[in-house]
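Before any comments, here is the structure.
Residue numbering begins at 1 within each chain, and the chains themselves are lettered A, B, C, D and E in the order written.
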Amino acid sequence: MMLSRYRKLELICRKFSKNHVRFLSQPNLAVSADNASSTLGHETSSDSSTKAAITNDTIRARRNALFSAEKTRQIESVRRIEKIEVVYRGQNEAESCTLMMNKHLSTPYDCTLHIKQMIARRSALAVVDGKPWDMHRPLNASCDIQFLHFLEENPYEANMAFWRTGSLLLSYVADRAFRDDFFVQVHSWPYQELQPGSFLCDVGINLPEWTPREEELRAMTLIMTRLIAKKLPIERLEVSADLALKMFEDNQFKKAQIPSIAEKSASKERVTLYRVDDHVEISNGPMIANTGLFGRHQLTAVHPVNYHGVGQLYRFQGVALPAQQPLNYFAWNILQNRGRQFNSSSLSIVTDRKTP
Amino acid sequence: MSYDKIRTLVPPKAWKHIKATWGTVPTYAMRLEKIRQMMTGLFRYERIECHDKYGLEIQQYTELLLQEAIKYGPRHKPTMETVDFYMIEKDLVHKTFKLFVPRFARFEPPYTKIHFIPTQNREIKRVLLELKGNPFPPVEPRPLDRKGSLVNILLAEAKRDYVRQKVKAESAKEESRDAPVEEPVEATQAKETTEAIKEE
Amino acid sequence: MALSRKFALRMAGVDITRITARKESILASKAAKTVLQKDIKDIEKIPPLRPGSEIPASYKYIYPEFLASTDMVRRNTLCEKLVRLDMLKRRTVLSIPEFYPGSIMAVTISDPNAPNKLSRFVGICICRGGNGLNAFIILRNVVDGLGVEIMYNLYNPTVREIQVLRLERRLDDQLFYLRDCAPEHSTVPFDLDVTPHPTGVAVPLNETVLKLNPHPWKTRWELYHFRGITFDPKELPLGRAKQLEKALQPHEWVKFDIMKKYRNQIVLEDQEEMFKDIYQFNNARLEKRRSRR
Amino acid sequence: MAFALRLLYGALRAQTARSTTVFDAEITPSFLQLDRIFSISLINYQPDRGLRGRVPSMPPPRTKYKRRRGNVPHHRWIKPELDHTLMVQERLTEDNAQFLQQVIKDTYLSPLKEPPPERQPWTPWTKRAGLLCKKIGVVPQWTTSGRRILTTLCQVVDNHVVSSSTSEEFARQFRGDRYKAKEKKIGCMVVGAESIDPTNLTDEYCQLFEASGVQPKRKLTKFVVSDSALLQPGTRLRATHFRVGDYVDVGGRTIDYGFQGVMKRWGFKGGPASHGATKFHRRPGSIGHSVHKSRVMRGKKMPGHMGNQWRIQRGLKILRMNTKYDVIYLRGPTPPGLTSSWIYLWDTILPRRKAYTNPPPMPTHYPEDDKEPQPEEIFAPELFRMDQPTIVYEITEEDLKQQRTGAKTALKAAPKTAAKSAAAAPKAGKAGGKA
Amino acid sequence: MISRVQPTFSSLLRSYPSVPFPPALPARTFSTTEGRLLIRHQTRMRVVDNSAIGQQCMAAGKWAKVFHVYNKRRVGTLGDKVMVAIMGQKKRGYIVGVVRRQMVPGVPTVDTNNLVLIDESGAPLGTRINVPIPMMLRSKKGDIAKILSIATRFV
């Protein structure tokens, strides 16, 4: 029995390390700069033929390639590896430890791999020197670190990050759910709270009138489900406003917003990007560690809203719970039904609801 | 007093999972002997590990024995004899009356607690049987306040909505009785929409 | 507390139990008398079934048929309640007096075979058992030199009258051993007069110890630890004495098996529930009587 | 119309059989065409079964012993009962036609969009719903003649109709019973018992109860029910669904004894206790033959699982009913299972015990229909009520005669018996009173 | 039948006790079979009438031995006809008293299995029955009415 127990442990470790390796050596990351430039052909050569074939997929691929290229550039720019001291304060003394990590390279997730398997698996967010910090954001200096998950006594930060990530997933779904002849532009989502009972994402689609059927909602939920099953990490990258503009030049909403976003940031010219799978989105963050932390989830409704000036906007709404948190179906149905109601938070951008 | 509380621990059909033999056939006497040995161990160490069915059966015996000891005290001869029978090591008799009886007089039964130990092999089920108030660190973690968890926040909000709707429906009923005047629904919506906008 | 003492003594073993049972019975009958025939205020003097309850402890002995069976698998509270209601209804028509095994009783039933459609039988109550509507008694008498035993259901609607001619108790709960005693011990004349039992007096205990007839016996009485009989172990047939020793051996173990004891009794909380109806019934009767006065 | 057309068709065929040249091909379709048209449109039309089956004009497959006649309808076909006046045009004005429709609506149809099923009379072929009960005990009762009988108490635990489907829906669910269900107009109804907390259940199970609005139930069962006896989902079924004096069939699972040996399971004798028996005290012995058959005969009684089998007791009488607690007293201790096991009650199918003359409430008993509320306890007339006076038998003349003759014989024998009894029991001197 | 002496609820339901069951019992098992109380082949019975042959056999201490019961079950109950061997002769008789506990309440059981002898025409051999006989026998019809006329007492 003991043998088998060890054997199992070993297997789990191996599997886990494999995941980790896969993450580090993702094909996205491995894309070289040359490759990237070739993929964004229309940018450099600006052929009329390629411009004509602009679809959601091509835009997404271009953004992804730019993101990957920028990321590799940033990693390679770290020429000298410096060591930093990361102090972990666990629940008891036996758990606490001090780790020697690499500056600008190691992330809180790397720290968890040195501490405990369970923490690596469950933690959604790190707290570095008292500030919430993404799990996949490299550490800048020696620091104290703690890890948050959803079953703590007051998981406020983790909840908010979870809700934000929900919106990211909605935008991911909206981006790839439609046929090529419908052009999708994701509006930057507004500040959200838990009170309305659903996270949301405003999306501009050149669809005149559309109220999705139940089956269509279910089909869109399925996209989300597949993404969650992949347990993909959510990466973070800070880029300059220029690059951001280059990436989002097809999106008229983002194009207008990026300068103001960049002004608000600390260095006045940086924009924070998040990537899940191959979908890139602007957000201040922080987000949770990976999509596998999502448990029960549902894309509950798509409400049409009017936008002054440009075409039709649709408000995507969804409800989700962390995988850590079990809930009976009776209560889940109540939450789900509540998520179907129109979420009217930050309606000032959107001046008027079209249909009640 | 307390017999009713133990009933939840007692299955409707009598259990005889503990089987012990001296020779070839399990006997009644040896069964009690086995129970007695395990009870002694439990009272000595206050926390023991054993098979699940053994643990559940010994829990029943322990509950009854402690109840009697608390009810009648050491001067009661038959109780003393029973305790003396179950405690093979005789210093535990003193421990029972001097330590456990004052301790459990404060508690409400059940006085024992059972924890199922997670094992790799599903067929082997083992339990941790302990007397309450033992000096060891607790097996179960400290109960947390779950008010801030995502589910509870969402359900609390759902409850608030539900109550609000109910009150509205009732007031509407009363109004319709007095004078059928309808409030414009859009006005209430407009209030909600005029909240300050916060963009990220 | 009556119960605590009894329970404690029972822990000690067989012999002490019997003694306490006797004392208890005296006490119980006294209490019962006060409940049934005196004023309701006297209830305060009687020890309750359990601390804090209204129901006196004596009910266990006066109304044993109201207690359900101890088999947890076959029990159902609703069924028990319906049966209890039926029993109370029958008690409004037929008065079932207080009696114990050992009392001399007369039962009159309407019998379709009898020429005057009535039959009356007088005898010693040798057994009282069953619960609910199954409650029964067995009477024994020797008529014309032949021992006759008849079983009666207490709640059978053909029972016209149950009379206690002489209220007393014996050392044992079952007196089946009268079959192997001299006939004069179980002979009762049919025209025996009623000896009224004075109110507020304990039920007398008949402490006669009977000598069994020489072998052969109808049952192996020596195995049952009866207190009301004596016999010479030397007179037992070959090998029986040895078996007797063997049979007695596990007793020491059994008395320490507290779980077994727990299973063979009905929990006090349940007992209270079972006696609640009959207690209210008795109270209502008392009030009626008082209003008549 | 179809009937008339069929007659016409029969005549045509008869004529064509005699002489095919009578009909002109242009005016009337040829024989084959006619056949085809009729077969599709009308001839094979059965109001209960729809369009189905082989074309009757084709010769049926010839079996060895049976031979079907061509166009005579099968005996199972039901004649469409249509008015012959319909053959003639009535030529009513639109207003009048609407007026007729209006009257029909007002008199027969409910104003609701989805009206509740109409109440229909009971027939001996009607299958009503059953009840899902818990067996709660076996207690004795007495008849008014003083006889002791055992009764089984069953509690109707919170029964609700969860869903009901008509014969067509039922036929769609089960392919095997398709024809029967449609032909006999048999639907089905799901009845649930004992409400439980929905938070412990899966979403799929809870969805079963959404349509009826009933709280989820612990136990569900399906009763096969006639279309006329279907109930709306959400209807509560109480003990008064049956009446005292009715006969019911009781189904359930027997007590589970587990794997048992041959002595307990089949009542074999076993082996001897002594006389040199070694390991042969509870064994079955030989189970077969030697060379000749060299196999074990089918159905040989052997050790195995005992109990937990579906068993039905038919024709048990309802002797008593408690409407407050919904308890039914059935005659006899025979319903299968242990206390607190589930049993199923439905109207008996025994022909001699059906209530032909006194039909039961259809489709179930609705308490609002009662002029007076039901009493708490309902008894069968032959059952003794515990608050009745004690049973007394009447003395007949024959008894008096016997008494007289008995007294004479007793007088003759009296002196001798007295002496005998005194000798036998000297202390019981007073014994001698008449029993 | 070997059974534990302590009665269970079900055993109480099945048959009324003919064997005592005091509260404290040995844990050992031994036979409490009631089979020996049945009246069947080879059962000895007591003759309770005053016929000559009956008195003779009772005085000799050789009770009548049953070797046939006139019913389908081959187990006799109250009012059944049996054939017995008595003092080297073959006689018939009626059962008028049984030891075994009766399922019907109100029917007496007695200490011995009692028999009244009859001749071939069904008339009793004796002129008087010395012991009380169950009232329930009066409901039986047929030849048994003849022996009821010589009974002295019913219970």
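The rule is simple: a residue touches a chain if its C-beta (ideal position, glycine included) is under 8 Å from a C-beta of that chain, and two chains touch if they have at least 3 such contacts.
Here the structure is a predicted model, which is why all the values come from computation and not from measurement.
Based on CA centres, what chain would you say lies at the far end from chain E?
Chain A.
Count the C-beta contact pairs for A-D and for A-B, then tell me which is higher.
When A-B is set beside A-D, the one with more contacts is A-B.
Just curious, how far off is chain C from chain B if you go by their C-alpha centres, in Å?
Going by mean C-alpha positions, chain B sits 41 Å from chain C.
Report the inter-chain centroid distance for chain A and chain E in whole angstrom, where each centroid is the mean of the CA atoms.
The computed centroid separation for chain A versus chain E comes out at 94 Å.
For chain B and chain E, what's the span in angstrom between their mean Cα positions?
Computed value for the inter-centroid distance: 60 Å.
How many angstrom lie between the centres of chain B and chain D, each centre taken as the mean Cα position?
Centre-to-centre distance between chain B and chain D: 47 Å.
So which bits of chain E are touching at least two other chains?
If we look for residues of chain E contacting two or more partner chains, we find 13, 27, 105, 130, 132, 135, 152-155.
Name the residues of chain B that each touch 2 or more other chains.
Those would be 28.
Pull out every residue in chain C that's touching 2 or more other chains.
In chain C, 73-74, 111-112, 119, 121, 134, 143-145, 153, 156, 158, 250, 253-254 touch at least two other chains.
Can you tell me which positions in chain E touch chain C when the two form their complex?
Interface residues on the chain E side: 5, 8-10, 12-13, 16-28, 30, 48, 97, 101-102, 105-112, 114, 130-132, 135-136, 138-139, 152-155.
Taking the touch rule as given, give the residues of chain B at its contact with chain C in the complex, in rising order.
Listed in rising order, the residues of chain B that touch chain C are 1, 3-4, 6-7, 10, 12-14, 28-29, 32, 57, 60-61, 64-65, 68, 71-72, 76-79, 81-82, 85-86.
State the interface residues of chain A toward chain B in the complex, per the touch definition above.
Within the complex, chain A contacts chain B at residues 1, 4-5, 8, 150-156, 159, 162, 188-191, 194-197, 261, 283-284, 319, 321-322, 325, 327, 331, 334-335, 338, 344-349.
Under the stated contact criterion, what part of chain C meets chain E in this complex?
14, 17, 69-71, 74, 109, 111-114, 119, 121, 127, 129-130, 134, 136, 138, 143-153, 156, 158, 172-174, 176-177, 179, 219-220, 223-226, 246-251, 253-254
Flag every residue of chain C that touches chain B in the complex, lowest number first.
Checking each residue of chain C against chain B gives 4, 8-13, 50-51, 72-73, 250, 253-254, 256-260, 262-263, 267-269.
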